[in-house]
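The following pair of complexes shares a single chain, chain A, combined with chain B in the former and chain C in the latter.
Presenting the complex of A and B:
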């Protein structure tokens, strides 16, 4: 079925742009369209974006100057109604300029700014060319992801000021918050322009936690990068390492055992549960209701203790390995999981019923931090943030991996019901609260269903000792925040040539600037927590 | 639930007494050497460790830097006869070189439970300050794993406030700075300013492998390779991430240090 869709897609693109395309190719669920000239990029991207029902998944730049390919840029589009990723590929031909596609596809804005910082290539036509990843104290001629740049280089600091957007007018004040915040959270800077208490504008400034993960991966062995991928964002360790492993497995054409698939699914869902419960607790704290938070945090702790007895790590580090998983779930542990989730889910249900009955709590969430659906669509939002406005994207359904192929079967009636349910969602903090509650229940269900680990086909498949250099593939997974995409191009001698990571947080951070616009400053922590974004996963 | 459990609320939500909170058998904590000699295997061991925590001392001994170890267990998988991973945690120390252990057998202090450490801490804080101990947490580029564990200290199970320890919103109210992450370059200025904004006497605790040594992120263009390259550190807490029990043990060490140094 998917092969047919791929052929239809290819035909459609070729028929429109035959003389602009150099080569068309496909592998697994990925279509590669090589263009003759990078200047045709905006037209073709726009066509793929508007006519083929796709969204921008990521933009990947690679420095292939040593292979006589100059800089190559790959625009990755994800088809919304089929399991297909479309890569549009062009090389730069000795110039340091490439055409921007921001005017047609707004989601491209931060990817282009990232490329400008990390590779020193300028997107012509992007109205915002301020530095993103490398803050003002970095010299202007440092481009860390270029191959000639050495990882260990210590760059001199320079004094410069970052031009924040200024809002002028009578009575407008600025409030600057961060990067060291009041609570126990990660670093980021928020610049509010307020009139009285109302937020007129919010500008987020991130990348304080930039640790050079993508560059670091290029100097590491494959199994070391696995550890690195777990630490992209500590609470997403299973999702990110699953995506990483799947990319490597896809490149080397290895199929993992059923048992490993199920185990990955179980750990992935356990991760979703403990994080969602924690976020719901956080929402309760930020709504000023410590009682609800206390009780939810007890449940989070119990889930983390369960994680520890299953995997030896409270936050599920070290679960995956390339080609499968590390830990078998014994019969004793199966029983433990069933007992624990039985207990936790019944307590959880009670707490949620209790929270819903508190009008002051519900009132605080309702209508707060509304995400406009049109903007959410244009910015390519993923995960809970998208589902809370009724945009039905979920990697587990759209591009089934691990054992999710099994959990996808819905009757036409259920599909209809789900659609009606989606239409009702209003995009406020309450909608995000409800979506998370629903997902916790769904996750419990998936864990219960995946526990029949009867397949006796081992925990992992051996990956070939030597993987073909310069072959590449896309790995993906749905973390509790949304889709995480990992693109890997292998280098010589089993090294990694380029590791491009795009977590859900990178897509979703932009939306917070729009979600707070009709709110007052004290609403911000609540809106921020209800979106539950990772700083480290964004900053890399 | 055991008989010892105490109810904090109705509706079946209860916490256990932490005296009998046990660490799971398969918890990946401290790496120890099981063999007296590692002769001949040193180069292999060195190359297998992703964070260079294992290094060669002389022809017969290796050193293990707990400040660098991220408990991945790669060494124990490849050399099950030489090393093993225990469900105990490495202890916090006052100096960086105390984090380093040798392959020769080590003496270990008997471990105390979370409750015992907490009670000891409470008494000392009361005697020393006559008020609560105020902590300001700073994330200097961590992966947020350490934050999860620090947040756990505030949940009703670990409930650190009952020992007279509270997290405050401003460095100006703080006695202790709890710093995580490899001190990313982009956070360098902010970290330094937060340190300067904290009134003396102050204690800085580096939390986690990244904060102690850069951890897996090491020392690169974007990181500074550990908190002590930016601000002076008084206590190092190893782990990836350190468990709440170890965090509170680190706090006890910090308070002890304040007592010996005099404030």
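Presenting the complex of A and C:
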């Protein structure tokens, strides 16, 4: 079925742009379209974006100068109604300029700025060319993801100022918050322009926690990069390592055992549960309702203790391995999981019913931080933030991986009901609250179903010792924040040539600037928490 | 003789208020912790905190003026002075002739005025936010407080606290239904004045949501200790006011060891019970939206007005 879809897609693109395309290729669920000239990029991207019902998933730049290929840019589009990723590939041909596609596809803005910082290639036509990832203290002419940049280089500090957007007018004040905050959270700077308490404009400045993961991966062995991928954002460890493993498995054409698929699913859902409960607790804290937060945090703690007894790690580090999983879930542990989620889900239900009955709490959430649907769509938002406005994107449904193929069977009536449900969602903090509650219940259900099935085909498949150099594939998973994409291009001798990660937070941080525009300053923490964005996961 | 004894007891009353004030904060924190299924720190923790802060050095912004440095003292002196007029376990305060309920409100206003200036003085963003919010809330709270005081003053024939409480302790609440409405108003106002939920959240770490905490965010060391102490004295005074005006029984009207002792014990029980009640209430509601807070104050004003109508009825 999917093969047919792929052929239709390819035919559609070729028929429109035959003379502009050098080569078309496909592998797994990925279509590769090589262009002759990068200047045709905007036209073709726009066509793929508008007529093929896709969204921009990521833009990947690689430095392939050593292979006589110059810089290569891959625009990855994700088809919304089929399990297909479309790569539009063009090489730069000794120029440091490439055409921007921002005017047609606004979601591309931050990817292009990222490429400008990391590779020194300038997107022509992007109105905002301020640095994004590298801050003003980083020298203008050093580009860390170029191959010529050595990992151990010590870089001199330079003095510059970041030009924030200034809002002028009578009575407009600026409030600058962070990067160091009062709570124990990560760094991020927020620049509000306010009229009284009303937020006129918000500008976020993130990327204070750069860890150089993408560069670091190029110097590490495959197994070590697995550990690195778990540490992109500690609370998304299963999702990120799953995506990483899947990319490697896809490149080497390895199919993992059913048991491993189920185990990955179970751990993935356990991760979602403890994080969603934690976020719901955080929402309660930020609304000033400590009682609800205390109750929910007890449940989060119980789930984390369950994690520890299953994997030895409270945040599920070390669950995945390339080709499968590390831990078998014994019969004793199966019973433990069932007992725990039974207790936690019944307590969870009670607390949620209680929270819904608290008018002061509900009033804080309702109508707060409304995400405009159009903007969410344009910016390519993923995860809960997208689902709370009724944009039905979920990697588990759209591109089933691990064991999710099994959990996706819905009757037409259910699909209808889901669509109606989606239409009702209004995009405010309350919608996000309810979406999270629903997802916790769904996760419990998936865990129960995955435990029921019994397979005995081992925990992992061996991955070939030598993987073809310069082959590449896209791994993906749905973390509790949304889709996380890991694109890997293998290098020689089983090294990694390029590791491009795009987490859900990278997509979703932009939406907060739009979500707060109808709110007042004291509601900002609530909006922020209800979106549950990661600083570390955003800044690799 | 009796006069000087009265003065001694008056001073003791002030010292009792000052000494007990951190305990009330401790009791409230403990109650909140227990209702939230936490163990919570000991009820004496605020004393340890204060002792710790007293030993610490201060950091004062070089952008600030004398206002920032004198505000903790103005706060402490203003609130400390107000404490002299509040009957604690003796119904007639010996200093009652000098000041009445309106003076207390005025002294609170003075303390607040300087705190707001100090918030602006350091020109930090949060100080400004805090001052502006405090200004919004206090401009609404003050008329509400005056209305509530009017109801009480009309009922008991004066704004002098000694008169009010002496009359109150000798009469029953039953013939004065307006007092119930005044008590409701007073209760809401006390929540607002002390920055309790749903007005403000003492436990929050979110600078953007703070009201009072944002104004004093720049303070550290001894100044912070002084400000926090003043705040808890103000809180215990307000508790004492509502307890002694509306539940005056048990307060001593004559100077004898047994009645004074009884008065002190009942006083501690009354305000502790009140503190526990407020803490319970805080655990059971979320913080309201900032712009819904005026609605709550409107409830207080309306309640006082109903009380006023009932008085003339």
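In this section, the second predicted complex is superposed on the first by the 539 of 540 C-alpha atoms of A that agree within 3 Å, B and C clash if a C-alpha of one lies under 4 Å from a C-alpha of the other, contacts with A are read in each partner's own complex, and residues count from 1 in each chain.
FYI, a contact is a pair of C-beta atoms (placed from the backbone, for glycine too) under 8 Å apart; a residue touches a chain by one contact, two chains touch by 3 or more.
In this text the structure is predicted, and so the values were computed from the model without any measurement.
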{"item": "First (chain B), second (chain C), both or neither touched by A:358", "value": "second"}
{"item": "Touching partner for A:139 - first (chain B), second (chain C), both, neither", "value": "neither"}
{"item": "First (chain B), second (chain C), both or neither touched by A:176", "value": "second"}
{"item": "Touched partner set for A:464, first chain B, second chain C, both or neither", "value": "neither"}
{"item": "Contacts of A:294 with chain B and chain C, given as first, second, both or neither", "value": "both"}
{"item": "Chain B versus chain C as contact partner of A:524, first or second or both or neither", "value": "second"}
{"item": "Which partner, chain B or chain C, touches more chain A residues", "value": "B"}
{"item": "Common ground on chain A, meaning residues reached by chain C in one complex and by chain B in the other", "value": "182-183, 294-295, 298"}
{"item": "Contacting residues of chain C [partner chain A, same complex]", "value": "32, 35-38, 125, 128-129, 132-133, 197-198, 201, 203-209, 283-292"}
{"item": "Chain A residues touching chain C - in the complex, by the definition given at the top", "value": "173-177, 181-183, 196-197, 284, 286-295, 298, 358, 360-361, 363-364, 520-525"}
{"item": "In the complex with chain B, residue positions of chain A that touch it", "value": "135, 137, 142, 144, 149-155, 179-180, 182-187, 207-213, 215-216, 220-221, 223-224, 227-228, 231-235, 237, 278, 294-295, 297-298, 300-301, 304-305, 308-309, 311-315, 317-318, 346-347, 350-351, 534-536, 539"}
{"item": "Interface residues, chain B side, partner chain A - complex", "value": "9, 11-13, 15, 23-28, 50, 70-74, 137-152, 154-158, 167, 169-171, 181-182, 184-187, 189-190, 194, 215-223, 240-241, 243"}
